[in-house]
Structure formats: structure tokens, C-alpha cells
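Before anything else, here is the set of structures, which you'll find just below.
One chain, chain A, appears in both complexes that follow, with chain B as partner in the first and chain C in the second.
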Partner chain A sequence: MTRATRPRGSVPWTWLWLLPGLAFMGALFVLPICRMAWDSVSDPVPGLGNYAAILSERLYLRVFWNSIWSATGATLASVLIGYALAYAICRASGRRRRLILGLVMFSYVVGTVPRAFSWLVVLGDRGLANLLLLRLGITRSRVPLIYNEFGVLVGMIHVMLPFVTLILLGSMLRVGAHLVPAARTLGATSRRAFWEVFVPLTRPGVLAAMMIVFVYSLGFYIVPAVLGGAGQTTIVMEIQELALNLGDWGLAAALSTAVVLVSILGAAMYVRTTGLADVHGHE
Partner chain B sequence: MSDPAAPRVLARGRLLHWTSRLLGAAGLVLVGLFLVAPILVATSVSFTADTILAFPPVGFSLRWYADILHSPTWRAAIVNTLAIGAMCAATATAIGTLSAYGISRLRDPALRDGLLILFLAPLAVPYMSLGIAIYPTFAALGLVGTRLGVALAQAVIAMPFVVLSVTAIIRRRDRDLESASRTLGATPFKGFCYIVLPLLAPGIAAGAVLAFMTSFDDVVMPIFLGGLHAGTVPKMMLDSLALTSDPSVMAASTAIAGVGLLLFLGVGAIRRPRHR
Partner chain C sequence: MIGAAVTIEGLTKTFDRFTAVRDLSIEVRAGEFLSVLGASGSGKSTVLRMIAGLVEPSAGRIVIDGRDATRLPPEARGVGMVFQDYALFPHMSVRQNIAFPLRMRRTPRAMLARKVAQTIDLVGIEGLAERRPAQLSGGQQQRVALARALVFEPKLLLLDEPLSALDKGLRDYMKAELKTLHRRVGVTVVYVTHDQSEALAMSDRVAVMHHGNLLDVDTPARLYDLPGSRYIAGFVGDANLIEGEIVWTDPDWATISCALGAWRLAPDRVRMDAGSGAGRARSNGPATIVIRPEDVAVAAADAPASAGIALPCEVLEALYNGSYTLYALRCQAGVTLSARAPGQGDARLAPGSRATASLSVGRSVVVEPGSA
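Showing the complex of A and B:
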């Protein structure tokens, strides 16, 4: 980016362009979140009472644990599968590459809502999976595959997989698909070239993908709502229950603030590991 | 090679090689099925003539689509979805474009990064937390339970996509044209309207579509801020699960998926560079 070509005397004008954005984000993002954080320590009475209640109440701890557990499972599984898938796309060429990438994109662009709902007719009591299990004689009766932990996990992996694959593919393409052949030319076996050259170089991308998926999964609403049972209440649903139905605003604000803090921590780690260079493109 | 064991080792190596390739291919097919099959299964069920949500579909009928189009509640939800999506896209696109342009003109890299992080930050905040945070403000302004309220909240979560999409185009655009227009006496405002906007048009259009899709795909803001009168199709789908188990929900789901697919293909057509 060359500075010399920028129009001169543009600084005051620049702030004029930024004014609507700053006002909008200030009024609808920054201030509301600060206010929520403030409410969490002041709502019924000033102090850390809400946070103490979260830590002492077994229900909230269980719900937190539920969310973190399923977010961790979804993160690990989708990053693992996504890595293999992205590597396959990276290595393939021509029609094969377009085909796999097309499948990933298709599943991505139909949206989260249809993807979550589609599992109802795949894993449901009268769904495809149970039909196959019965027909093939693997089970004698219908197996409960949704409204439990399993259904939520499958749904989350499905929703996250295309997203993870695209992030990882980006990082792999940056590393350069030619590095593995280069290492092989220098005498490394293909296994060594993969594990000792390719994997370490794509590690920042993997960390970034894990962070993003974890943050996203933690805040997931639709998948547990559609595919989870009573035991799969997540932190987000608990916040909704507290705020909308029980009217316990301070407690909802405290839980919500805790989730925001965890998420922002994850995002900050993302920015630290990958930087913003992708966005700006300073060389 | 004079080692007598060499051919055997080679054969074993080749066997290993082929088994691993075969396993790889099988895994790829499975993952591909995992990605796509559920959507296809749901689509097939949406055309069933049966009255229960079950696979395989029985016969072929469009009755569930007709049901949705004839039901006043579904129709209200469709109208809400489109109106909210349009308002969200318009707000996020207008503000996001100006902001991305403003950020790109800042000279201090630290300031540029800081502001960019501010505009990308909604990506890192779970929707429900944002909904909770906005609620008191909207309640004070009388925006809870209105389409505008839902649209504004969704514009916050769509903002990063517009800013990213426009920033990506700004990086590629020719800055000299704008400088030239200023040298020739155009005011910054004129330069922006006649030179910058047309150059950024593909990024802006892509950003607008992404913003619309964000609104379309979100169920949290309608649930949390929409109240009884600003419910969207995804919220209606979620509500209808509790009430009925007829296949209309799959028809709605398929319709949403179809719109998403069309919008994506539209963006692809916009972004593809034109050859002259």
C-alpha cells in the first residue's frame, strides 16, 4: 500500500465516513454489552452476588459443563474431520477438487437452520438411520438417536464442518501445497513430509479454527433446541430461561457476561495466532 | 537391487499404499454423504403425501408447501422474514460500506487494526448474549417486538460480513482513480459517489447478500427481541416442532435452503471477474 497515492487532507473527512459506523456500533454493541456487564454486578444488589450464585448453584455449573463438553466434542471432531477433508481438497485437482469443494459449499450455503432440522428425518424415530438399522437387522427396535447428547453432537459437527473445512483450506493453501512435494524431493518419505512439514506449518490455522468453532458452539442455540432433549439444556438456553421466563435479569446478565468473556478470550487468541493480515493484506 | 527380499518389500509397500488410498477414498465418500445427504433426505420428506414426519416419503405432493402458503401464521412469518432481512441488509450495508471505506483511509495502522477489531467483534459474541445486552436499550426505545428492532440487532451481527467483503474489494481497487478525481477538483463526497462507489459495487452487493443471509439464518434475535409479532420463518419452524409433527416444517426448511443456495449462486455471479 503506497501512502503517496492517498488523497491529501483526508483525515477529518475520514472521521466523517466513520461517524455512522461508530455511532451504530457504540449504541447497539459496545454500550449494551458494557451495560450488561454493569447489570451483572449491580442488578438486585451491588456486588458479586450473581457470580457467587452461579458458582454455588449446581444447576448452572451442570449447564455450563454441558455446554463446554459438547462444544469441546464438536470442536475436536469437526477440526479432525475438517483437516482431513481440507487436505483432500488441497491435494486433489481439477474436477475432483471442484466436486468436493462444491459439496462443502453446498452444505455451507443452505444455512444452519435447514442443516439442524434435516437431522430430524435422518436420526429421528422414523428417520433414515433407524430405517436402515431395522432393515439391515442391526437392531430390533428403534434406537433413540435424537433428543440426546448424540443428536446434539452430530448436528453440531454437521453445522461446523463446512465452516472449519473452509478455514483450514485457506490456511493450507497459504502454506502452499507444493511444500510436501518439495520435502519429498529432498528425500523425505510422504509420511514424514506430511507430519514434519505440512502439519506443523498449518498448526496456526488449526488453532484458529478450534478457537472459532469453540466460541461458536458455545453460543449455539438452534442445534440443541432442535436436536437436544431436556438434559441438553445449554448455557444459552439457560440465559434465555432466566431472562425471559424467570425475570432474573441480574443472573442472566452475569451468565451472559461470562460467556462473552470466554468468547472474547477465544477471539483474542485467534487474532494473536493468525493476525489480521488476511483482512488488510499488508504484505 | 540385488537384495532377494526387495520385491516382497515392494509388494507390501504397494499393498499398504493401495489400502490407504482406498480407505482415504471411502472416508471421503462418507464425509461427502454426511455433508449433503441430510439436506437431500429432508428435501425428499418435504414432498411426501403422508401426514407424519417420516422417511421414506410416501408418494409425491406439494401439499405441505401449499399448507405453508395458505396458513396466515406462516404467511406472516414469511413477510416478517423478508422485511426484516431487507432492513437488516440495508442498514448493515450502508453503515458497513462507509465504515470499511473510512477504515481503509486511516493512516495509522494501529488505529486501523483497532477499528477493524471493533467492527469484527460481533463475530466473537454469541447471539444470545448480544440479544440480552440489547434488550434493555430496545425496551426503553419501544423496539422490542418490532421488525425494526430485530433487523437492527441482526444488522450488528451482519456488520462484520459487510466490512470484510467491502474491505476485500478496497484492497484490490485502483486508488489512483480517486486521487485523479480529487486532483481534477472533485470534492471528497463527489469522489466517493462517482468513483469509489461504482468501483466497490461488487463488494457492496456481496456484503448485502451476506447480510441478508445472516438475518435469514438467525433465530435468536427473533426469539429474544421479536416477541409475538415479529417472528420469522426459522422461529416459526422451531415453534411448530412443539405443536405438530407434520412435514410442513421440512417444506419450510427446504424453501430456506433453496433461497440460501440461490443467493450464494447470485453472489458468485457478482464476484466473478468480467472479461472484456
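Showing the complex of A and C:
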């Protein structure tokens, strides 16, 4: 194929188009982050005192661990559930597909806060879930479903599921329509065709979804605040506490910087494993 | 190897209210190259997918190599299939693609390697084994798809418009390749296409489908020479379709009449009700007369008249095509005929000039009347 020749000197123009985006990112993202990193080593006194404080204080490490732990759980669970859901949408045709997709999109537009609170109604001690468990005779007494790890996980999965489903669905729809049928005619059972053809081809989508859920979940504030107990204090809640209630901006900045670094690490691992294949297409 | 015979009885597929294939019965002989020819939406691909087991029939039976396969899942049918888009697995190398069906059959490693190498040899893709499908040209991808569908030595090979994605030169070349391959391997081939020239060139027999119905199954030569219906006449090759009538039939001759004149035809050239087998009992009445462009000779008006029916006419257009020239002629009673003359034709036959059209009426065919 012959490529249309571009007029000379078009490169500076390309950059001009990028300028608004770059200016926006620079002013509202890069600069504040740099400022935050600077604060973490200069407030209240210059040096690495804040980081030393984080490492020496067990509370911060535990809170950090809480965040990573629940982010990992939310990642695995929502990708697993999302894969099944996206597969169902992918296989459904016409009206059914639009219906399920509509439900997914609906929960997406409702927003995080109302969704988190709605779980109180369902999972609370006198909530729907407990009522059902008791009525069906599955449990004899009320089971604590919120203000613990479980409640946080449910809330996080609920928030992340639409993202995961849409990412995975996009990746599934890119799998050639004839590939699984071809595998069947070549002797693969439906199970083997799924595992050896369909799943490997959706791998980039799975990795993309995992990265997004993980990085996003690290920053969760509302869900653990509403559905978690004291043991589920996350890093973001701790930062908020330090900055707004205790006024320790330097320490808050140091913790924030650490979160940013962990997120970048996650993203970098993702880019390394996929080579950004599904960002610029893999034709 | 001897290919499998396939018997299809009363095959029907309805999607909601739409009938894609209606009561189709056909015998595919062992080792035969059968084309299923039809326009898009004729149901030809649905038939293929039902044979492969990818679409479940609403009614009917499919027997492959003596075994009722109607309810078998695709993987149990042992049928090779090449898809229109080739459906190569993009995450596997050429070698892994070709090895896939053997791996599914748990073929021992040494035998797997040997068979893959043999098949790579068979389709002529040596040196490409470690590439990914995305790194191959269309023609190479097609060979890989063929290799993958043949490596497990199926007795039946299904091809779904395998040439339609290739450009013309390569397509003509691959026609010959496929035909040679078929002869060498001996596998039964069911080949779905919308391209009548592919069907005519490669097949032992051609099944013509239209709106879910099987219109006729016959050898390419008979389909072209003695089309069984108006649709087939127009779809397989070019044809002049002239409305007329049968005025008299007796055991030896049928007398037909139309705006171009009247002539007698041998009974086997009357193909009324050819598909239904109802005979020619009610064949007196309106009919469509099929005259192939090559059976219309055109000469300058002052040239001596030749055999058959000679008609004065006017040249509307002359289209030079290299090996032949196509003329559009307007004859008496406003009938427009298309005529095909070898080579460059006669220089005097410029548009607007007077000419004489000579019809080899003995080669014309009578089919059921059209609605138009």
C-alpha cells in the first residue's frame, strides 16, 4: 500500500495539536505531582524524614498493605466476573446483547457514592441479603456482610465491573468471528477451542483490565469509607486523615508519592508484558 | 485416498421467520468437486455450515461417509473447512496453525512433525513455517488455511468462497492450484461461491441455489449449454432472454415463436419444469428463449447471409475485450441482443451502423417464462 505523502514541515503542526492536551496535563497533573513530591521531602524540614516515618510506623505499612490487598482482590474478582459477563454479552445477539449492555452501562452512570450506599441496604445487618439467608435457612443468625473486608470487596467489584466488562468486551469483539468455529471444525471441543483460541486472543484485554482495576482500586476512598470497618482503612483514607484532620501535609505528601510510585510500577509492568499492543491495535 | 460421499436429505434451516435453506436434497459423490453456486443470501453458506456442524439444521439429514452426522458436533465430523477470511489463529505461527488439528487429535509428536512437513510441502509454503499469519500475503494465508484443513486427512473438504479475498491474477492461478490439489489428494470437495466462472472452471458438478432453493445440479457444460431455468440461464454465463411462446409440441420437435421469428427445437432443448421433473405436458404457452451471445453472429449489412435466422439490426455499441468483442444490437420489434464475436470483430460494425445478426437458433434453449 502506498502511503499518502505528507507535506514537508508538518511535524511542528502535529505538536501544535497536542499542545492543549499537554498544557492541561502539565498544569493540572504533572505540576501538582511534582509539587507533592517536593513537599514530601521539604515539609516540615528538608530531608527524607517523612519516608523514614512511614517505614518506622507500623500503621502506615498496614494501611498500605490493606490497600494493595483489597486492590488485588478486587482486580482478580472483577476480571473473573467481568470476563464471564463480557463473554455472555459477546455471545448474545441483538436484543439480549443490548439489554445486558444497557444494565452494565446503567450501573456505570449511577456513580460511585450512591452505589456504595446502596450496598448498605443490601448487605446491612437487617439488609436484603441477610433476610434472604435467614428465610432460606442457609444461616441461623445474621452474618456481618459490611464494615469488613467482604463489604469493601463487593463495593469495589461493583464499581469496577462496568470498566472491566467494557474493556474485555472490546477485546472479545476483536477476536475474528470465524476463529472459534474454525477450531471446532479442526477437531477442538468447545472447551478446548475456548481455552486455546479465544482466551489467548483476549489476553491483552485481560491485562489492560487488570491494570486499570488495580491502579484505580489503590485510590479508592468512598467504598472502603462507607463499607469498610476500622480494619479496612486504606492508604487514601489515611492520607486524607493526615492532611485534613492532623495537618501533617509533609507526611501525607510522602504517602501520596508512594501510592503514585506503586501505580506507575503497576502500569510499567503492564506495558512490559503487552508492549502496549492493545493501545495502538495489533493488526 | 478416496473422498467421502455425502447424502443430504430434506435439509432445511429457518431463522425466526426467514427460511435460509428449504428442503434441499443432494448426493455428493465420493471424490467429487461439487460447487454450490448462488448470489449472496441464496443460502449456500448456510448449507456449508450445516455440513460442517456449525449451524444446526431445522429439519433434514446429513450423512457423511455412510454415517449420520446430522447431530454430531463439528469436532466429531472430521471435515476440513476453509473460511472466506481463512480464520488463521493470529497468536500461532504457521506451523502451529497447521499442527492444531493434529494436536487436538493427540497425534504422537514424531508423526505430527512429519505430517505437518508433508502438508507444508503439499501446498508449497516451505520457508514460511515460523511466520505469524499477519506476516503473510493473502495467497500465502490461503495456502496455510488449506494446509490446516487438509493435514488431518479429512475425506471431505468444505471451501467457503476461498478465492474471493484474492486479486484477480492470483485468483485465476489459485483456481488451477485448487483443481490440481483436488486431483492429487482425492478428497471430496464442496465449494461455495458466488462466482460462476469459478464454479464452471473447477467443478465436476455445480448446484445452483436461489433464495434458499436448490434449482439444479448438473455438470458445468450442461448448466451452461442447457440451463434448466431462466435464473440459471442469466446467472451462469451471459444470455439473451427473449419472451416468446411454444406454439406446438410433438415427440420430435417443439415449435417456438418470438419477436425474432419462429423455429423448431429438439425436445431436449425445452427445459420447462426442468427442476420439478413434471415433464413437458403443459409446455405449450408462454416461454423464455435463451440465446447465448456467442450464438449470435454479426456481420455488415451487405455481407452474404449465413445459416439460421438472419435479422437486420443496428449496432448500438461495440465493446472490445481483448479476446472477443461484445456487440449490443437492436433488432426488429425493439429486441436488444448481445452478440459476441472473436477478436476485434469487423471494423465496419461501428455504433450506429446497419448490420445483420445471424442466430444459431438450434442452440437456443426454452425455459419457463419470466415475470417481466
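By definition in this document, the second predicted complex is superposed on the first by the 239 of 283 C-alpha atoms of A that agree within 3 Å, B and C clash if a C-alpha of one lies under 4 Å from a C-alpha of the other, contacts with A are read in each partner's own complex, and residues count from 1 in each chain.
The rule we apply is simple: a contact is a pair of C-beta atoms (placed from the backbone, for glycine too) under 8 Å apart; a residue touches a chain by one contact, two chains touch by 3 or more.
Quick caveat: nothing in here was measured; it's all calculated off a predicted structure.
Measured by the number of chain A residues touched, the leading partner among chain B and chain C is B.
Of the two partner chains, chain B is the only one that A:L131 touches; chain C does not reach it. With both structures placed on the common chain, the touch criterion links A:S118 to chain B but leaves chain C unconnected. Applying the stated contact rule after C-alpha superposition, one finds that A:L48 touches neither chain B nor chain C. After overlaying the two complexes on the shared chain, residue contacts for A:L59 are found with neither chain B nor chain C. When the two complexes are overlaid on their common chain A, residue A:T189 makes contact with chain C while staying clear of chain B. By the touch criterion defined above, A:G21 lies against chain B but remains apart from chain C after alignment on the C-alpha atoms of chain A. Within chain A, no residue touches chain B in one complex and chain C in the other.
Interface residues of chain A facing chain B in the complex, by the touch rule stated above, are 3, 5-8, 10-11, 13-18, 20-22, 24-25, 27-33, 35-36, 39, 81, 84-85, 88, 100, 103-107, 109-115, 117-122, 124, 126-128, 131, 158, 161-162, 215, 218-219, 221-222, 225-226, 236, 239-240, 243-244, 252-253, 256-257, 259-260, 263-264, 266-267, 271, 276, 279-282.
On chain A, the positions that touch chain C within their shared complex are 176, 178-179, 181-190, 192, 196-197, 200-201, 283. Put simply, chain C touches chain A in their complex at residues 49, 52-54, 73-75, 77-81, 83-85, 87, 89-91, 100-101, 104-105, 134, 148-149, 152, 158. Contacts from chain B toward chain A in the complex involve residues 24, 27-28, 31-32, 34-39, 41-42, 45, 52-56, 91, 94-96, 98-99, 101-103, 105-107, 109, 112-113, 115-130, 132-137, 152-153, 155-156, 159, 164, 167-168, 171, 175-176, 178-179, 182, 188, 191-192, 213, 216-217, 219-220, 223-224, 234, 237-238, 241, 249-250, 253-254, 256-257, 260-261, 263-264.
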